[in-house]
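Below are two complexes that have subunit A in common, paired first with subunit B and then with subunit C.
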Partner chain A sequence: MRAVAGSLHGLVGLAPIAGLVLAWQVLLTAGWVPSALLPSPGAVLARTVASLGDPAFLGHLASTLYRLAAGFAIALAIVFALGLAGATSRIADAALRPVIRVLAPIPKIALYPALILSLGFDDAPKIILVAADALFPILLATYGGAGAVEQKLLWSARAAGTSRAGTILKVVLPATLPSILTGSRIALVVACIVVFLAEMITSTDGLGYLLVRSGRAFQTVDMFVPLLAISAVGLALDGALAAARRVLLRGFPEEE
Partner chain B sequence: MSRAASRTGAALRPGLPPFLACLALLLAWQIAARFLAVGGVPDALSTFRELPAIIGDREALGEIAASLRRMGAGFGLALLFSVPLGLLMGRSRLVSALVNPLLMVGYPVPKAALMPLIMLWLGVGDAAKILVIVLGVSLPIIYHSRQGARAVEEKLLWSAAAMGMSGPARLARIVLPAALPEILVGCRTGIVLALITMITSEMIARQTGAGNILFNALDMAQYETVYAMILVVSALGIALDVLFERLRSGLTGWAEPIPSPAIAPA
Partner chain C sequence: MSEALSAPLAGRGAPAVPHPGPPMIGMAGVTKTFKRRDGGTHLALDTIDLDVAPGEFVSILGPSGCGKSTLLYIVGGFVAPSGGKVTVSGDPVTGPGPDRGPVFQEFALFPWKTVLGNVAYGLREGGLSRRDAEARAGELIERVGLKGYERFYPQALSGGMKQRVAIARTLAYGPKILLMDEPFGALDAHTRIKLQNQLLELWERDRKTVLFVTHAVDEAVFLSDRVAVMSRQPGRIKEVVAIDLPRPRHRDELLLDRRYQRHVIDLERMIEDPPDLAS
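== the complex of A and B ==
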């Protein structure tokens, strides 16, 4: 019964999306918008499907994914190191918090020109930009989560003979995991967006470059393809992380 | 005595550590640039010497002001429809079920990347840039408004309904104030996003603005200007954050502080 209601709700949600696509098509068939400016949804879909069989397109997709993965991995490694430092040493914690507080609201994309000047036009500045942008959502969430660990749990663990390092590993880390995963989910979407923008600014490959190239050639159909692709990548990775979360956090209350 | 000491300590605390952190970061930059000599990184002092050339320049200041104006306009427009929509989604299951999938699909779309397409439709002027900022800002505000509206105490709403308050009035006079702390969390994320989208949109449609100055300096390899502009943009980001924090504690000083969530996407 509940499942039926749930799927009904799901169907209701499809209505606006379908309506949007329909309105898009109506705009075109009524001739209010020239198809040079707005290609038909069918044409966009057909081109996207055709692109998936095109090795050149897949190559661009692969380089975007590579930058995404490398940047995200670097961000995770830094979070791990800083989180560990903050958890083990009070001085490190007191020093790190204000630095993070200052750096977090800076729009990282503004640093991109500096990265290009120092590191050239290759993968390196893009990967570092992705890492810088993905870092703070995870870091802030991790700090928030670690700060909320019940003090009594720590005392109990220590009283029961667990070493300091053991408490971090066995109490703090599992208690912080939900926050880390929530932060990672936000960071993943940020990373998708930033890698795309970086590729739009300076690049010779990647999905963002494809968009700029099609834009210069005034090929509107081709402009939609990389946009759809990066959104699909974002949705797929988000879904994968949500699935990982369900496995890792069995028994925790589900987040919305 | 010790109480007074701890009180002054608490009074000093909010501003001082971030300020010290700023100094430490600048110092680290200066030392790194001097001794590591990474290719093309000017040291902090010469970057600061470059600042008057931007801040003292009428044209540059005008461009930065134009950027801020677009950002304000985009943010304001987004607020106008995002908050009511979010509150409505929080209170009505049907609206939530109707709109949520659309928002979920839109969530990972890089909004600033829509700029080339929107430019085709609206031209390179302010309209396209403001629209992109509106798109970038609205999602977190909608999301947090919804979360806030969900957590409103039911009894308050029942009492209001029993006293004859209409649906829209309940939304405006009970749900809105009760959800305000959470809405402001969304606004804070939104400000960061607005700044990012502003820079990116100006970088794609190079005409005016802070992003334009930044990326033109990059094209001409004016290292000092690039770094000085980064300082200006960073200062803007931090200043907006601090200002907003002030506004928030003024508006919702009564509420338990909500731990600031992670900075969300562009």
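== the complex of A and C ==
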């Protein structure tokens, strides 16, 4: 029963996507958009599948994935360090909260020119940008979660012999994990967008670069391949995160 | 205390069972004030004096908002008193410690740990190896009747099962004192009775000192050696009543026992007394 309901759910979810593709095709078939400007969905899909056998394309894909992963890892490390500092010391907490609020709304992409000037055209500025953009959604969610840890969980641990400092790793961290993962999921989407943008602005490789290069060469089919690819990357990483969530949060109530 | 009031029962206001040495729990002049939003202060607990003897089961009975849970948290070392002193075996309480094991109404189980992991937690913190801790935890899980549920996560369990896990988790690290904060308050009537019986069985076996907070009169009478009745605003101990019922106690016998009925009626009257509105 549940399996049937589940697959029904999946079908319902697929319908709007199929609708979009259909609308795309209708635009072309009706002749409203010239096919020189907008390639057909079939052509894009076929080219994308063909690209998967192309070492050059896979190299670009790998570059983007590397920047995403490195930036994300740095963001998580910073969240961990700041979270630990904020949980350990009231002064650190009081100092950190305002600065995070002030920095969070700044569009990080605006820092990109400055990053290029100081770090060059390599991976470094792109990774830093991904880290800066992924950082805040995770950080804000983590702060929210850490502030809402049930006091009696802390008391239970303290009574069982855990030191005050010990509760940070043994209670606050695991209790905050759901919030950290929720923040990570949002950050992942932001990271996919920003890595692509950064590669479009200045790069010699990566999916974003591929799009710009194809655009300049008026290769419209190739222009859409990186978009399909980054969408697939986002979907796959989100799926991986959801799987990690199911394992890590086995004991927590479901959250859909 | 006020012997001048009608005293249908002998033993009302009786002191703790005589014993040599300091009381297991000593509360002397304990007060607690909270700051109110408007800048004023609210006196939650007003000079509480109460001693609990080793091996004694004492309930604190009172209406909600009388500060009975706050008093328990102060004994647990989770909350600092505004005045007065709390001692355990004569030593002043400065913070939480494994000599005093709490059991909360909300269970407060670690949702990321299995039943086994929860019960083994205090043993691991006490320095036991994983193997030894889990072996010992397994015994306790069996003792509270949850054998076979070791690998379950708390969220998959019913309220009564969760509270049994919480009791096992606390018993695991061998506290001298159990601090129970309305532990059966969130359970349905049937489960509550079952757990009361089970708690009594456990207690009659190893006679730990228990401080038990409740607002249920029948529960207090059924379980306790003495019942401290609290009044509200400010929280004060109105009366301490000794429950002179033989042990081991059995619910079916007690319900027919005149003395049990008398205690329930008297205590109910005591909590129902309207607060002094002398203004």
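Heads up, the rule we're going with is that the second predicted complex is superposed on the first by the 253 of 256 C-alpha atoms of A that agree within 3 Å, B and C clash if a C-alpha of one lies under 4 Å from a C-alpha of the other, contacts with A are read in each partner's own complex, and residues count from 1 in each chain.
Methods note: contacts are C-beta pairs under 8 Å (C-beta built on N, C-alpha and C of every residue); 3 or more make two chains touch, one makes a residue touch a chain.
This structure is a prediction, so every number in the text was calculated from the model and none was measured.
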Subunit B versus subunit C as contact partner of A:A30, first or second or both or neither: neither
Touched partner set for A:I91, first subunit B, second subunit C, both or neither: neither
First (subunit B), second (subunit C), both or neither touched by A:S156: second
First (subunit B), second (subunit C), both or neither touched by A:V247: neither
Touching partner for A:I201 - first (subunit B), second (subunit C), both, neither: first
Partner contacting more residues of subunit A (subunit B vs subunit C): B
Partner chain(s) touched by A:F136 [first = subunit B, second = subunit C, both, neither]: first
Residue ranges of subunit C in contact with subunit A within the complex: 73, 76, 78, 95-98, 100-102, 104, 106, 108, 110-114, 121-122, 125-126, 153-155, 166, 169-170, 173, 175
Footprint of subunit A on subunit B - complex, ascending: 17-18, 20-22, 24-25, 38-41, 93-94, 97-102, 104-105, 107-114, 116-117, 120-121, 147, 191-192, 195-196, 199-200, 203-204, 214-215, 217-218, 221, 223, 226-227, 229-230, 233-234, 237-238, 240-241, 259-266
Touch list for subunit A against partner subunit B, complex: 9-10, 12-17, 20, 37-38, 94, 97-99, 101-111, 113-114, 116-118, 136-138, 140-141, 144, 147-148, 182-183, 186-187, 189-190, 192-194, 196-197, 200-201, 208, 211-212, 215, 220, 223-224, 227, 230-231, 233-235, 238, 256
Partner subunit C, residues of subunit A touching it in the complex: 150, 152-153, 155-162, 166, 171, 174-175, 177, 249-253
